[in-house]
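The following blocks contain the structures, represented as structure tokens.
Paired with chain B in one complex and with chain C in the other, chain A is shared by the two complexes that follow.
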Partner chain A sequence: MKDDLNKVVDKILDKYPAKVMKNRKEHILIKDSNENKEISANTRTLPGIITNRGCAYAGCKGVVIGPIVDMVHITHGPVGCAYYTWSTRRNKGRTREGSKNFINYSFTTDMQESDIVFGGDKKLAQAIKEAVEIFNPKAISIAATCPVGLIGDDIQAVAKKAQKEYGIPVLSFSCEGYKGVSQSAGHHIANNNLMREVIGTVDIPVEDQKQFMINILGEYNIGGDEWEIKRVLNKIGYTVNTTMTGDAEYEDIAKAHNSDLNIIQCHRSINYIAEMIEIKYGMPWMKVNFIGIENMSQTLRNMAKFFDNEELYARTETVITEEVEAIKDEMKHYKNMCKGKTAMLFVGGSRAHHYQGLLKEIGMDTIMAGYEFGHRDDYEGRDVIPYIKLDADTRNIEEIKVEKDEKKYRLRIPIERLEQLKKELPINDYPGLVVDMKDQTIVIDDLNHLETEMVIKALKPSFFGSGVKDKYIVQKMGIYSKQMHSYDYSGPYAGFRGAVNFARDTAAGIHTPAWSYTIPPWKKEPILKGKINTEGVEEVC
Partner chain B sequence: MLENTPKEITKRSALVVNPAKTCQPIGAMYAALGIHGCLPHSHGSQGCCSFHRMHLTRHFRDPIVASTSSFTEGACVFGGKSNLKKGLETVFEIYNPDVVAVNTTCLSETIGDDLTEIIRDTKIPEGKHVIYANTPSYYGSHVNGFSNMTKAIVSHLVNDEKIIENGKLAIIPGYVEPSDMSEVKRILKLIGIPFIMFPDTSEVVNTPNTGKYEMYPDGGVTVDEIKDLGNCEATVAMGKFASEAAAFELEKKSDVEAHTIKVPLGIKATDDMIMKFLELTGKSIPKELETERGQLVDIMVDIHNHYHGKKVAIFGDPDIVIAMTEFAISLGLIPTSILTGTPGNAFEKQINEMLEQAGIEDAKVKASGDLMDLHQWIKNEPVDMLIGNTYGKYIARAENIPLVRLGFPILDRVGHSYFPSVGYKGAMRIIEKISTAFLDKYDMECAEEDFELVM
Partner chain C sequence: MNKNYVNLDVNPCKMCMPMGGSLAFKGIENSMILMHGSQGCSTYIRRHIATHYNEPIDIASTSLSENGTIYGGAKNLKHGIMNVMESYSPKVIGVLTTCLAETIGEDIRGIIEEFKQKKDISCLDIIPVSTPGYGASHFEGYYHTIRNIISFYNEKQAIPNEKINIIVSNITSADIREIKRIIELFQVEYVLIPDTSETLDAPYKENFTKIPDGGTSIEDIKQMSGAKATIELSVLIDDIYSPGKYLEDLHQVPLYQCPIPIGMKNVDSFIKALCTITGREIPVSLVEERGRMLDAIVDSHKYNGEGRAAIYGDPEIVYAVTTLCNENGIKPMIVASGSKSYKIRDLLKLNESVVIPDTDFETIHKYVKELKPNLLIGNSEGKFIKEKEGTDLVRIGFPIHDHIGAQRKLYVGYNGSLRFLDEITNTLLDIKHHGYRERLYNEFYVNKGGNKNAQL
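After this line comes the complex of A and B, so read on.
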């Protein structure tokens, strides 16, 4: 088997010119628990390779900032960037009573040639003015696109001035598409600004503080995931103070520092904020995983252990039992349909890891996994962070330093207990994707078009979980491909009920009768021509 | 839904809300896909390329593959020459296309990368071609991008010298569906007219599932056909905004006479197209087409009562909206709000002429508008139906009006890439959609005693 996988990798590398081969080799790893191999990640994309990656603007506005429902998010640039991020990512958001929701809107300065030539500052200032006058939002964000940095528009200055003039927060994000090497830079840029400008600006009065108050970080409510997670957490007795940023309002984020624990779903996109909150406000974070029954249950148990409360322990077990009971028959049914099948996962920066447990629960092994823009810590665990070399492309992404806030800093649990808990729970820790994969599986970073085709042809999975750009390519190859970003417009997939939705969709995708029609009957079996001519029955094939 | 959009209209000079257009490169990418064996290449940072591929993929539910120069911050400072050179080398080495069609983005345009110089300086394998179009996102819309790349096909690949008349018509179908291109080809074949269509995305973006993936599907105009375009008798360019520039380029370059007609959507525009074909070729109309036309008229007469006198709002890309407005008028509908996001005076001029001729007054017409404009008009002057792309669904729901999906993009329904909207057949399909939308709404909302079996 090992030889086989090596052969597959060699065959892929063989197709490349020497320089490309050298580069791509470092991004491919065959899992072997006896060896501690490094993987290269978060490096620049090779031009012409046909990557799946997007840009920093997508990572900042599209992913982190866009889901905040009551803000007007203005894209400063030509029309495309705002247009393509308009309702395409399924971060759902409800309107709160007495509040506003702009989730179905797209706002842009629609820069024209003259704005490129003479600068777009004035137009941006005017756009903010119009947004305030027409929509009267609680806050505004400005996201920069490629040309903004080049022509030198000072969006920070415009934002500052507008903030003063209109008395509402106006946040500016210098997330030009060329920054960094992928969406990842955009996450970092968004994190920095939320930390600097928003988090910690609204305090919850002591009398309104709830017991077991938590934040869910790196959860964007795709297809209603956050609502399903929150349903279960509320049932146990937690109060979700802030979610970053699925279905969030501006003020939720402003008061995030009041909670007792940050739980992190997507490590890649939000670990910066989690670390900074701990330094500044003393709130620890814990890595969680809400995907799959086992992961969800383990997460709930870990959370209970953190708070160490008898009632919470009891409620946790009761809720887990109830929830599992409600879905176990259906899960069993789908497991019968899917068991023994193999899966490949190639998703952004976290799901390629998170879904492996759930796939296992319906009897499917993950034989290949990779991230578009994960860093080495997402693959190899946070222990490698001190050894990650910053290259020229990422060095320009600002690293901000925060300091202890003497007034608001408080220890949630005694230091000794926290240190003890760190040995038992993933507190301030994430062990990465590789450790959870079976031996003799492949990990590929920034998987490209050629590699997708070749790895599928060689290993013939039953399921390829990836994005919309891959989906139809893979399905033309006769293999079910599920969109793991948009959930193929289904969901939620998180939590207990989400697990059933995922299992149902996956079983349906693998077993849809359509697959049996891919080859037309005349190509499958010899045809006896039934028509009798003068020479009698004639055989044609 | 969209409850923050006020009824009261205030002038906006800077803020665009819910755009009715997108940017140039996606149109160029779509046009490039209409060349056989072509890989579109986006010269910019990779986010654009990803967005454009995703958007086309969502519309067609088919693979859309393209490469990118993947700019980094360094390339922005020093220029994207090395990225493009390396990109092209890698593309030819690994993916082996016949043609690479390079488009630009706001990034490479703002920097001022000189594509001519870079590509001249790149070693292109024997027998392979690189064509390119400047497609700055801050000018015009995706329709201009389509037009620029279609023009680039002519500028870079057509043989300069007329060798021998090939007796064919050059057909530029415009920014339409692959199903529409197929329908125009079917009509040409029925009449018996030899032709070269470019670009032609049929069987490129609506391929069959055979269990075998082909990176370069069967469809698309071949390089040999493109080279031969200069030998054509005349060009018929469908849609002024999308196709005229390429037709003029061909006339300039190879003296092939350019004829611009509307996109053949609706009865009159289809009549015009067929008359143009007959006029240019001296052919006569085949019985089959005449029957189709008669069937269309028959439907128009039979069910005019479903929609006659109803007010409609029409939005989308200019060539489609112009033809659809004309068709709406010929059905007895009253277009009262007509809008495109694409700039250009020709749009308002043509629409206003049609409305004037039909005696329709006080209609709102706008180029360079957005969907907030359209929604506010509708709040002030309600309509019975909305005709446009998927983005109309928010307004349709907010105002409880049926939406008939037409144009680009359609992200939430299937069929559009397999069934035409152009020609007599396409007109019948649009009527069926309009009629069904009205009747479905009636069935769901009418009083129980008014519920009818036969309608």
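After this line comes the complex of A and C, so read on.
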């Protein structure tokens, strides 16, 4: 088997020109628990290789900032970038009473050639004025696109001036598309500014503080995931103070520092904030996984352990039992349909890891997984962070340093207990994707179209979880492909009820009768099954 | 009539130039696209085209990073071409620029020349097209790219031939198949560009090929400057972007500009152009198709007369749909486009309608609230107005992301126009059937007086 996989990898690499081959080789590994292999990640994509990666603007405005419900997010640039991020991620957000919701809007300064020549700051300032006059939002964000940094528009100055003039927060993000090597740079830029400008600016009065108050970080409420997660957490007795940033309002984020624990779903996009909050406010973070019944249950038990409260332990177990009981028959049904099938996952910076447990629960092994924009720590675990060599692209992204806030810093649990818990729970830790993969599976970073085709041909999975850009290639090859970014307009997939939705969709996708027609009858031998005697066809079945 | 607020575009009704460029190259045989800029441009554009067509959309990027913005992106561009060439073996690579490449002033022509001198690429054509995102919209980018593709192959005039050039707007794959069928009824040879009838609506095949079959062939494009005439299905594009104008000005190929053949009048003028150029009579089967359409529109006029439409999207489609509405008594209340095609006002001469080029969806929405049309006709981005105002939406144009099958819907020719009109009429009938009994009862029997502005 090992040899076979090595051959598969060699075959993929063989297709490349020598230089490309050398580069891509480092992004591919075959899991072997006997050796710790390094994987190359978060490095530049080679030009002309059809990558699925996006840009810094996509990571900043599209992923992290965009979901904040009551802000007007202005894209400063020519029209395309704003258009392409107009409701294209399925981050849902509800409208609070007396509040506003701009999720279904796209705002842009629609820069023209003359703005590129003469500068766009004036237009931006006017656009902010118009946004305030027409929409009167709680806060505004400005996201820069490629030309903005190049022509030297000072968006920070414009934001500062507008903030003063209109009395509302105006955040500016220099997330020009060319920064970094993928959307990951944009996450970092967004994290920095949220930390610098927003988190910690609104205190919750002591009398309003709730017991078991937590923040969910790196959860963007795609297809309503956050609502399902929150439903379960509320049922147990947690108060979700803020979610970053799915279905969040500006003020929720400003209050984040008041909670007791940060739980992190998507490590890649938000770990910067989690770390900084701990340094500044003393709140630890814990890696969680809401995808799949076992992972969800384990997460809830880990959280209970952190708070160490008898009632909470008991509620946690009651809720898990109730929820699992309600879905177990359906899950069994889908497991029967999917048992023994294999899956490949190529998504983002966390889903390629998170969904493996859920797939396992419906009887499917993940034989290949990879991240679009993950870093080495997302693959190999945070232990490798000190050894990661930063290249110029990453070094160009600002690392902000925060210090302990003497007034607001408080230890949530005694330090000795925290140290003890770190040994038992994933507190301030993420062990990464590779450790959870079976031996003799493949991990490929920044998978491109050529490799997708090769790996599918060689390993013939039943399920390929990725995005819309490769979905139709995979399906034209006769393999079911599921969009793991938009869930093909289904969802939620998180939590207990979400697991059933995913199982149902996956079973349906694998078993759609369409696949039985891919080989036309005239190509199947024999066309007629039956005995032929001298008088003709008999007993045709 | 323009936007009251001119600096903030709220919910744009247009996309960027490289998007138009990509759609154009998708109709060229054996071609790949390489976008010179940040990765985001190609990723976003692929995402948008793939969601509309449900087809693989391979567009490579030169993945310019911060370094490239300082030292120039020549290295990336050359590597990009090399890698696309070696992994996909296309006959053509279309190099489209982006905001980034244009702002840093990349000399893509120069870089490509340098590349060609060092590498033997005799069987590969690299066509550079300048498409800055801030230059114009996707509408102009589309024609501009076709013009560049044609001029790339037609510097010298081709040997005169009997072919007819057909330059199509951004219409569906099914539409292109229909246009080909109509021309073939005239039994003439033609070159249709860009031909997305197969490339963006490819059948399921046993063996997957990286570059889809179909598209306009290079050999055909090379003959365009010697053609008998050009029919350009566009009446609103500026001369500087017009491929037909290029062929006329430089190679004296007579140019016939017709609207997209949607609606009786527009199909008539397309057919008339074909008759004029070929000197042939209109084929009998087309006469019958026209008769069938006429018969149908007579029958459905009483329902269509209750239609009040807000039409928006790409200028050419908006123009053709407005003509169709006018022919059938559907009142075009709002005629809107994000592109700056001001010419549409003069061509439509609609005094009682709001005609707004260069606008955004927020402005369209404002007029919808004010004028209360009972139909929205346009791409899927009108869904937000539909959701808020409850106005029904009949979909046409690009992109259509909330329905499937956009690429195989037929709108052109007598057959297509009629199918589309039926869709509109049936939408009006559904609205009518949904509430008319209650309305009549309230208005005439209990005499509450109906709300005249209510939906039918």
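The criterion applied here is as follows: the second predicted complex is superposed on the first by the 524 of 541 C-alpha atoms of A that agree within 3 Å, B and C clash if a C-alpha of one lies under 4 Å from a C-alpha of the other, contacts with A are read in each partner's own complex, and residues count from 1 in each chain.
The rule we apply is simple: a residue touches a chain if its C-beta (ideal position, glycine included) is under 8 Å from a C-beta of that chain, and two chains touch if they have at least 3 such contacts.
In this text the structure is predicted, and so the values were computed from the model without any measurement.
Taken together through their common chain A, the two structures put chain B and chain C in a clash. In the superposition on chain A, contact of A:449 is made with both chain B and chain C. Judged by the touch definition given at the top, the superposed model places A:105 against both chain B and chain C. Within the superposed three-chain model, A:115 lies in touch with chain B and with chain C [touch as defined at top].
Of the two partner chains placed by the overlay, chain B and chain C both lie in contact with A:126. In the superposed model, A:396 makes contact with both chain B and chain C.
In the superposition on chain A, A:418 makes contact with neither chain B nor chain C. When the two complexes are overlaid on their common chain A, residue A:469 makes contact with chain B and with chain C alike. In the superposed model, A:30 makes contact with neither chain B nor chain C.
Common to the chain B and chain C contact sets on chain A are residues 15-17, 20, 44-58, 74, 77-84, 86, 88, 104-113, 115-116, 123-124, 126-127, 129-131, 133-134, 145-147, 149-151, 177-181, 392-393, 396, 449-450, 453, 467-469, 471-473, 476-477, 518-519.
The touching residues of chain B, counted against chain A in their complex, run 1-4, 6, 10, 12-19, 21-23, 25-26, 41, 44-48, 50-55, 57-58, 61-76, 83-84, 86-91, 93-95, 105-107, 110-111, 136-139, 141, 207, 209-215, 341, 391, 394. Those residues of chain A that touch chain C in the shared complex are 15-17, 20, 44-58, 74, 77-88, 104-113, 115-116, 123-124, 126-127, 129-131, 133-134, 145-147, 149-151, 176-182, 392-393, 396, 449-450, 453, 467-473, 476-477, 518-519, 523.
By the touch criterion stated above, chain A contacts chain B in their complex at residues 15-17, 20, 44-58, 74, 77-84, 86, 88, 95, 100-102, 104-113, 115-116, 123-124, 126-127, 129-131, 133-135, 145-147, 149-151, 177-181, 392-393, 396, 449-450, 453, 467-469, 471-478, 518-519. Residue ranges of chain C in contact with chain A, taken from their complex: 5-12, 14-16, 18-19, 34, 37-41, 43-48, 50-51, 54-69, 76-77, 79-84, 86-87, 98-100, 103-104, 132-135, 137, 202, 204-206, 208, 210, 338, 381, 384.
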